[in-house]
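Okay, got some structures for you below.
Next come two complexes, and both contain subunit A; in the first it sits with subunit B, in the second with subunit C.
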Partner chain A sequence: MPEVRIIAKNFMDMVASMQAMKLDKLYENGFICEAILRSLPPLAKKYVIQMLHIDVPVAAKLLEEWVLPDGVSKHRVAIDRLVQLRVFLEAVDRKNEKTYKVNPTFQRSLQKLLVQGGTLPRESMPSNITVRLPTLENLEAYALEQWECFLLQLISPSQVEKPLNISSSLMKVFQRRILSHRDKEAPKLTESGFQFLLMDTNAQLWYIIREYISNSEERGVDAAELISFMLELSFHVIGEAYSINTLTDFQRNIINDLADLGLVKLQQGRKGSWFIPTKLATNLSMSLSDSSSRKQGFVVVETNFRVYAYSTSKLHCEILRLFSRVEYQLPNLIVGAITKESLYNAFENGITADQIVSFLQQNAHPRVAERVPSVPENVTDQQIRLWEADLNRVEMTEAHYYDEFPSRDVFEGACDCAREWNGLLWEDSKKMHMVVKTEAHHHVREFLRRQK
Partner chain B sequence: MYCCDKGRLYIMVNATKGVFISCDIPMAQYIINMNASMPASDKFIIHILDNTHMFVQPHVEQMIRSQIAKFREDNTYVKPN
Partner chain C sequence: MTSAPSKLYADDVSLLVVTLDTNPFFWSTFPFPFADFLSQVLAFLNSILLLGQLNQVIVIATGCNSCGYVFDSTSDKNHGSTTGTMPALYSNLLHNLDQFVARDQQLASPHTPGTVPSSLLSGSLSMALCYIQRAFRSGPMPPQPRILCLQGATDGPEQYVAIMNAIFSAQHSVVPIDSCYIGSNNSAFLQQASYITGGIYYKPPQLDGLYQYLSTVFATDLHSRAFLRLPKSVGVDFRASCFCHKQTIDMGYVCSVCLSIFCEHHDKCSTCGSVFGQAQLDASAADRKRKA
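On to the complex of A and B.
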């Protein structure tokens, strides 16, 4: 199966890949420095704090002395990360030895943060103005609902009852790799699209935000400012109301887009309007591995291949339809079965057995999640994987068949040449025949031409 | 096989373009049988290398895959609804 994967990397990797000048400008914002600090590996955090008030470059050798011998690999990882993010600047001193110094902009911002404390550019509004503030549970439910509505609109716009306000051009940006737009047909999910649907919410959020930021340059919006505002947003408190008047026009546009995705909730009162950050917004500065926000699973798979999903969400129904035959929907339950046809359909669309199995395992209902294995192995190993293997019984590679070698030396030489280019598929030393991949054929032919 | 060109000696090794097939033994037998049942002008196997590998004409991949898919479906029992 082709290895097409959507890699959802987090903010920090995106920040690290920015140009040096832009990164330095980002570091003028204290919150970004704090977010970066939080995302560093523990040893790197220690180094930054230790070097924070040192103005002169410090020899790399001195830093190495801070670690015990068995911590050398962790030390390397920490230093590499710090240099990659331009938090540490590398230089060479007069004795030609490597030195490190904290990035001056970063240093100033972080020092200011430590001394003066971090205050958000806005305070939450007093409670006499903010009426009808949602409870935290309501807010979380709202965020989840918005996100699911957005996903549903992303993949099958016809099924949505209340379409969101996202501009169609922005939707097209998100759909770029997920849907294939053909002229006369309805848009279909691509392989990446299927894999996207089976990822967990955090990974999906990263993908969308990443597309949003990379598209910003095309729309004439400065990516650094956008990232800066989003990181600032992630430091706000969930559930607190912040006045819209404290936002610039630029920020107001972004808040409107983010409201459609479920990252903030907009509300209007008699005396003003405000926005409330949800859990999705504060997740922006977290790394992918911190999935402490594990949503509750809802799928039970039984040994008779029946699937029971305790959910009312249309999105879940669509996802289950990807690889199972949905039979009926009750008020709180979706019932279906995993059949050969439904699986073959999934395989044809580029979904692998592993993706299906890990989706079922990650979303297992709490009642069965404790059981080992959470999805019966007669379903996973003995059927889903077997059916996938059945489709791949024959492997075909375009190749060239070589025979009539004049001597054993030439034959062995040609074999070695093919092996070097990873193209030797088969050889018979007795008959002096070999089969080489077409990609390597050119190199073997060149090798033979050079023989005399 | 040697050939002369402007006084220089070139080595002429024979290279045939085609498709290398790797599969399990039953599938190999099925493909060989498929080949045998075709009319002489349509036979596609160039070399049978061993009991799990063979070398065939180019452009027959799709035909072989669809025949195998049909064979798989013929051997599948679907409960009547």
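On to the complex of A and C.
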């Protein structure tokens, strides 16, 4: 069975896969270097800071000397990542030893950022021009509302009262992997769609942005330029107004899309219009890192399999519905129960037990989050995982059945041939029956044909 | 005395509280100018903030008459730090530092000429711990705190009790105290502080490259420390100060009730009031001598 997985946090892989020339050009911008630096694993960050002011190549051995035996794997991951992103340039010196050197462009940009500080390409507008700026709370509420509205429109367009004006072609791009469109049927969530819903907001945001960027080439937009603008945007100050006029035409097109996603709020005054970055935008660079998201949860799971979710959001209700039976809804509380049926439903949709458990743990209400474990063990280990294991008792393999062999020699030859291709599932040498995996089927068939 | 077990951290978000020695008597006699020192430290603080959006840096100035907060990367006044605009950090910190030094000078009390008054390390350690305690209570996911002491002036034996108390409370709340001592000899207080709390004590051999030392050794977050071989101190000076004359001593008398330390025999403990026995002076004194 092919495993469909959304790897949401590998935006950096996308950056890493860019051509060296383009990458070096990106690194001319200090903010991009900063965003890339922040996305690195902790050990890699430390190496960069440590080597930032060293101009000569450093022997790989010298770096390894710092590492304790426990950290060897982490060290390797860190170095691999750095080389992949061309932050470290690998070389071999005269003594045939591996050396590392910080990418000179990256180094220069970051040094400049450290010593002189970075200046954004645009300054925030003075407060006498901008009027009725939203408060930070309002802005955050606006961003979340916009994002949830977007998500709801993404998964069930019919439920949305006032649809966003995202072009339908763009929406289709986002839905490509999340919804499956069968002819004449209502669109259904795919396996990856369910998984998408269970991710945290930052991961979801990156998934969408990634789709947006990977689709950019089709729309005739330069991906590198798009990435650099996104990363730059994440360093703007939340709640400050920036004039639209400072943007290029290219960026102006993008900012409209971003406004629909809730990354920025657009406002218009008497003297021009401006955009205000929200928390979602400034989180862009932060959410690149693997550090666990730090937000307040809302779910309490009791040992009797009841789920209490302190939330007013329709989206949360939809998500809970994926794997539990929602029993009743109060204005600020959703009460449900995890049942065998509801879980089987979820498993059928391709959600795994681990995903459900990690969703419950990540979104645990602060009251229970302090406890260890935050979700009762009898719910997680004994039931959710057990029920999943229940479903996996039978494994299906496509296979072909052979019988009526002319002689024992042919039968044994066929068995050996199947074994050779690692495709023999079952044999009965007395009655001369065998079952061969589909992958090995044509090899065995060839073999038998040759025997004739 | 065992060094504290270090907690295991899942990520590298850190809260760094730096105590900065501004003792004018020390800096005026020290060959390395304060301005150069400060510029390297500022670059280091920047790089900490650069490493992560959630990282916090607090700077506490250690004067010789007072201590004060001079920089807090989370305060609203310098929202610049969250966006990475460094000039905000520099100007803010320098402005506050100027004010602090001027205020500290006004409080100056006459001291005996020829001696260098010590910096109030105990005060700034306590302030750092107070700040960290507040951060612990701030939410469900407090950042991982550590203290970095940038100290130059020699230890003030009169602060012994206060400093040890700060060290033990740091140990209790699992806050490592890193120390970067730039003065000429080693600092016994800081050696003990780092040893007991599981921090790093390091004395840079060359001050020109201070930034490199700071970024190589002290920029390591608590999460990464589990995987790296960091400098270990060769020997720790465990000597204590006596409570009566505030002198560092190798051998002394210890009250059997409250463990106060004295350099000479007393009839009565000045801390808890216990009356000491008179007889077998020599024998009991030998018993109670303490060499740590």
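One rule holds for everything that comes next: the second predicted complex is superposed on the first by the 290 of 452 C-alpha atoms of A that agree within 3 Å, B and C clash if a C-alpha of one lies under 4 Å from a C-alpha of the other, contacts with A are read in each partner's own complex, and residues count from 1 in each chain.
What we mean here is this: contacts are C-beta pairs under 8 Å (C-beta built on N, C-alpha and C of every residue); 3 or more make two chains touch, one makes a residue touch a chain.
Since this is a predicted model, take the numbers as computed values, not measurements.
Residue contacts after overlaying the shared chain place A:L37 against subunit C, while subunit B stays out of touching range. In the superposed model, A:R445 lies in contact with subunit B only, and not with subunit C. Once the two complexes are overlaid on the shared chain, A:A399 sits against subunit B while remaining clear of subunit C.
Of the two partner chains, subunit C is the only one that A:Q116 touches; subunit B does not reach it.
Once the two complexes are laid over each other on the shared chain, residue contacts for A:K340 go to subunit B alone; subunit C is not touched. Contact with subunit B, but none with subunit C, is seen for A:V410 once the two complexes are overlaid on the shared chain. By the document's definition of touching, of the two partners only subunit C reaches A:Q50; subunit B does not.
Contacts of A:E377 after superposition: neither subunit B nor subunit C is touched. More subunit A residues lie in contact with C than with the other chain of the pair subunit B and subunit C. Touched by subunit B in one complex and by subunit C in the other is not one residue of subunit A. The touching residues of subunit A, counted against subunit B in their complex, run 340, 390, 393-406, 410, 414, 425-426, 428, 433, 435, 437-438, 441, 445, 448-449, 451-452.
Against subunit C, in their complex, subunit A makes its touches with residues 31, 34, 37-38, 42-43, 45-46, 49-50, 52-54, 65-68, 70-71, 74-75, 110, 113-120, 235-237, 282, 285-286, 289-292, 294, 296, 366, 369-370.
Within the complex formed with subunit A, the residues of subunit B that make contact are 1-2, 8-24, 27, 31, 46-47, 49, 53, 55, 58, 61, 64-65, 68, 72, 76.
Across the interface of their complex, subunit A is touched by residues 10-13, 43, 46-47, 50-54, 79, 82-90, 140-141, 211-212, 215-216, 219-221, 223-224, 226-230 of subunit C.
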